[in-house]
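Next come the structures, one after another.
Okay, so chain A shows up in both of these, paired with chain B first and chain C after.
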Partner chain A sequence: MFFYYLDLAWRSIKKTPFLSLLMVLAISIGIGITITTLNIYKMASVNPAGERSSSLFAVQLMSQDPDTWENLSKQITYQDAFNLLDSEVPVRQAAMFRTGLAVQTDDVNFSPILEGVRVTGGDFFGLFKVPFLYGGPWSKQVDKEGGYKVVINEDINNKAFGGGNNVGKTLLLNRKPYQVVGITKTWHPSPKYYDVNNGAFNDSEQIYVPFSLAPIEEFESWGNNNSWRHEDIRTYQDRLNSEMHWVHYWAELTNPAMQQEYKEWLVRYVEQQKALGRFKRPDAKGEVSDVATWLAYNKVVPEDNKVLVGLSVLFLIVCLVNMLGLLLAKFLKRAPEVGVRRAIGASRLQIFSQHLVEVGLIGFCGGALGLLWAWGALSLLSSRFDLEGSLSQLDSSMWFIAPIIAVSAAIIAGIYPAWRICSTNPSIYLKSQ
Partner chain B sequence: MLSMKNINKVFKTDLVETHALRDFNLDVEEGEFVAVTGPSGSGKTTFLNIAGLLEGFTHGDFFLDGVNISNLSDNKSAAIRNEKIGFIFQGFNLIPDLNLAENVEVPLRYRGFNAKERKIRVERALEQVGLAARMKHLPTQLSGGQQQRVAIARALAGEPRFLLADEPTGNLDSLMARQVMELLEDINKAGTTIIMVTHDAELARRAQRNIQIVDGQVCDFTMYQGEQGSVAQGQSVADVAAAEVVTVASSVA
Partner chain C sequence: MFQVKPIISMLMRNKSGPLLLLIQIILSVAIVANASFIISERIGMMSRESGIVEAEVFDFTIYNFDENIEAETQPLQDLDIIRQLDGVKGATLTSMTPLSGGGWSSNFSYGSSEEDSKSAPNAAIYYSDEQFIPTLGLNLIEGRNFYPDEINAGGPELASLAIVSAQFAKDTFGDESALGRVMYRGNIGQQPMTIIGVVEKLQSAWVDNDNLELSIILNVKLTSSFNRLLVRADENAIVGLKEAIPAALHKENPNRVVRGFTTISEHRTSIYRNHELMASVLSLMVVLLLLITSLGLAGMVMFNIERRTKQIGTRRALGAKKRDIVSFFLVENYLLCLIGGGLGGLIAVQLGQQLMTLYSLPKLELIYPIITVAGLLVLTTVAVILPARKAAKISPAIATRSV
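Our next item is the complex of A and B:
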């Protein structure tokens, strides 16, 4: 009977095209707005680490003096990062910050470009499962002693070398020659959870250089630099020795025992620093947060997004109330035909089902149109209001979610009109038709 | 086949109670052709709606094929309407968006017949009323008489035990009315029980039995026997034009 009802629904829609179009428009606008906000919310709240979420931990230290900041800083000092690298507990660990370097090649025709660069350890690539096309990370020795090695992604590889395996070739960064040791595939986790300070939804850096080069090359920080006290920082060495928080730190702790062991290691580290005259707060501590906790702590999904989703759902309800009125008018006009169908053997349930299939079809059309509205709205937001990278892309799941929400919402709106029409006494209309 | 005992139907509003049927008694045997007459507002249509399970009644007993159909669920009522009862209406009540075949097919859809069975039955029913060649036409492309024949085909497609016809010739001219009446007579001769509400005394006389309803009660019946119209007349309230009175019986409550 479903296909019979579908056929009847299609005929009914064709019979009242204007009224049907109004209903489709009403639900499509509601769905369009809901899907737009839902898409932004979903893209913002996705956990890009997947199943590794619970084994990757951001490390924080409460190193500031009393009567300064009350919360754990999102970053740590360079000297703490340097010290934490001594721990042998984590499977992998990496300190990191963002800088910018001028990129050149030996090719005189290549115009120099200024690129965001991630200064980090060789463990970074294993920590975050960065996929390689050619080569791999630099060695542990480079991490310890420094070395002019670089990992680039395929986009830079294409720009600088025209693509292909260019491991071993030289790339000039700020006019210094760096040997390419690895070429990664394009990799843009969204949100960029390993560094949410520098645009959580911006693309990842395309060039990576060793953290051990920072004191040598004196890379500038292109990220947040937060100080809880005034310090007279004149040289790069002053910066490295300062209490300024500007380095992110991540550790891979694969099981609860390892996590506990690392927490205990941090306790000992805090005590050690206290003995050295740092970490003067009585509640000084080290803390680790898995990816989900880290994203929540950083409010990667702003509360505003949730409010927006709520408001859009309210708007959808208003659209559905409009649709309910239109459906009621449309269905009750059909009461004589329903009377005939009831007289010749249709049960109330069959009439109810027939009408729900019709509203479902209207909902489906509204959902499809709503997806187009959502796509248009996201494009508009992206072009006019500089909506961040991945947030402006319509997530593939929305192709399923939109019709499901639209059909379900339409059916909810259609229950009362369908119930009214199937409950009417058929005999009233048989004589008058 | 159909037996109503002390059926009462009361319509209530806040201020008024209207007795549409009052202690209504009627028995219809299998294969009968019964004409129901009566003035407007007498309760004819209410009787037909109750007989067709389209309306409930306030109290009384109603047996169809020996089964008490009081308090039947909507599903069961719908199934009985679909399987046992065919309806023919004064206004034809065809669904204007569906072509003739699709109109005739509607009750078969609800009955759950497969496509092949539906096709066979639709073709047979439309052949029976002489409209097999116009299956794909819309009702609006037909005359009133043809539309009523389609309505009859729709009623017959499910091979019902009895037909309920509510002034089936009311919207037709005399020629078409005669043709429709002849069709109903043929259907009745084939074994289908027919109950027909009509205002037309001429048509009523062609039925085997006339029931007159006044103020919600059966107040008179007249039985016509044979093609020459020999008549058995009950208690006379209305002026029934009959030539020969053979016997007297009364079903007045």
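Our next item is the complex of A and C:
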């Protein structure tokens, strides 16, 4: 029966090509716009930590004086980061910041390149599940005592060494020799949730060096450095001792009991610091946020995207109302024909489903065409505006979402016209024949 | 006289069609009014001038990782090398680039004593030299530029003289002249900085911030292994200089990374990219929405004409002119548009209110719904007139044929 209805629907569409085309066009444009904005929104709001989202926590500390910053800062001071590393509660934990170093190799013909570098602990790779190609992170001992070890990714490996397993070789960073201990696969979580300050959708750093080297090598900070009071910072040691917030801190707490334990540990830490004359606010505290909370807190999804999704949904509704009007017109025009069919025995349900199939067909065509519009719009936008690659790809889920929205929206719009047509009284039309 | 009464009674008799049209018009007005308001707001933002010869000025960075390089003298040497290249009109060392999205800002204090200390508005801080103003092509409207021997090399604590943007002077000192006023870093008395000049316009690095027009230039060349340079050159020479500058600098000492080379116009494009994206997507939405609404309307009118063939024929037979038939459809459309536009305007204002509270967008101005309704009236006139003229051609004979 379904295929017979499909055949009928196709004939009916062919009979009124202009009106049908209008409907397909209307719904396809609505779907196209909605899918485009939904895609940008979805790609920007994806939680890259996946199932680890609820066990990874960003740590914040309210170390500022009263009457300065009102809220928790996104980063913490170096001295706090240094102290937090002493906690034995988290499974893994890492302090980190971004710097830049000039990369050279032993090859004199290799012209130096400046690369963004993440200064962090060996736990970083386990925390964020960075996939290794060769080797692995540096040892705990390096984290404690410092050591010239480096982890690089595939791209740098190719650029500097021409690919292959180069664990054990030497890479020059700012003219200092570092031993390569690990080579990671290309890994670009988007959004870059562990450090959303430096462009949440930028590529992640390709080189990692130990946090314990910071006081020795005096890595500059390439991230945000926020002070709540004026401090005369001239040397690197001044910076390390200062109240400036410039370090990110992440901890892995796998279960609620551990999270509770860590929160209590932070309370004790704040108390201890208070005794030392820091953390002067009465509401001074430590806070941990899991990845989803962290992304929301940092407003990683631009508000513009939400406005666009909202407006495009309204747009789709306009398209549907438009279609509803046209369907009503089209179906009512066919009332005499339906009258005859009803008179020779078609049930209301049959008429109803026949028309819904027709509407569904129109919706499906609209959805398919809409997907094409969305694809076109996204590639146009990404070429015109240089969108980050991850934002402009049509997400695979959209291949299902688009036709589903299209067909169900069309059917919702079609219910009323189909009901109107199936409830007409056949006798009226038979009379006037 | 416009046969409003019969039209209304006709609309009331067959409610669903007109009702749908009404809903469509209401939603369209609400969306288009808000969208066009956001578009015009963004275009307004993007058209703010920076006060700089944007196409001629570009920035790049030099990272000296050789410990033997003298942080204090090397930049001076580099600037000399660059100034000798063909096409270069000027070069300066700076701590940040206007419109680049990153840099330093600070609140200085001013006043005669600690009691009446006031905080100056948060402003972008450019640490640079006497070449900054000519290189960027800024217009000095009051006071003077730095003299070369007033420029200190070292850290931010060496700043003693300031040149401010006119907007900063106005926001801080009102109508009083800013010349000779002293600002302090930290408490009153700490590190005094005297204002010696005012430039007409100098934007900061952040276009979404209130402090966009508030800038201060201080007389310090920061010594660091990381140097940012601004160069002004003939527009045609810039492409060649992207090659020539690294080559010349590497010849002098290969142990450094030279990169960047972005003109201020390119910085402008990239920093306003999100706004341009928003404006483009919304414009696309507005155009398509109007297209769909008018096509839908035209479709409905065509359908109505078919349904009303007999009615039209009868009216023509009874003496109605072709013009009357067309005006019948037009008045019907205007009625719907005005009612829908009125309701749509109300909803638009509500929607604007929601957007304002939820997403910190500015308040919708009333003129936008009004313009939208006016535009809709014009557009729908076209959409209705074309099919309605076909209707007017219906011969009176048709009406009598099948009765």
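Throughout what follows, the second predicted complex is superposed on the first by the 408 of 433 C-alpha atoms of A that agree within 3 Å, B and C clash if a C-alpha of one lies under 4 Å from a C-alpha of the other, contacts with A are read in each partner's own complex, and residues count from 1 in each chain.
FYI, contacts are C-beta pairs under 8 Å (C-beta built on N, C-alpha and C of every residue); 3 or more make two chains touch, one makes a residue touch a chain.
Every value quoted in this text rests on a predicted model; they were computed, and no experiment measured them.
Contacts of A:P112 after superposition: chain C is touched, whereas chain B is not reached.
In the superposition on chain A, the chain among chain B and chain C reaching more residues of chain A is C. By the document's definition of touching, of the two partners only chain B reaches A:L349; chain C does not. Legend: residue contacts after superposition of the two complexes on their common chain; A:I317 is shown touching chain C, with no touch to chain B.
When the shared chain is aligned, chain B comes close enough to touch A:M1, but chain C does not. In the superposed model, A:D67 lies in contact with neither chain B nor chain C. When the shared chain is aligned, no partner comes close enough to touch A:D86: not chain B, not chain C. No residue of chain A lies in contact with both chain B in one complex and chain C in the other. Chain A makes touch with chain B in their complex at residues 1, 4, 11-12, 15, 336-337, 339-350, 425-427, 430-433. Chain A meets chain C in the complex at residues 18-19, 22, 25-26, 29-30, 33, 36-37, 100-102, 112-114, 174-175, 220, 230, 232, 234, 302-304, 306-308, 311-312, 314-315, 317-319, 321-322, 324-326, 328-330, 332-333, 377, 381, 384-387, 416, 420.
Chain contact summary for the complex, chain B toward chain A: residues 45, 49, 52, 54-55, 74-75, 78-79, 81-83, 86-87, 89-91, 93-95, 97, 106-107, 109-111, 154-155, 158, 166.
Across the complex, chain A is touched by residues 16-17, 20-21, 23-24, 27-28, 30-31, 34-35, 38, 63, 65-67, 155, 157, 185-186, 226, 254-257, 259, 270, 273-274, 276-278, 280-282, 284-285, 288-289, 291-293, 295-296, 299-300, 303-304, 306-307, 355, 359-361 of chain C.
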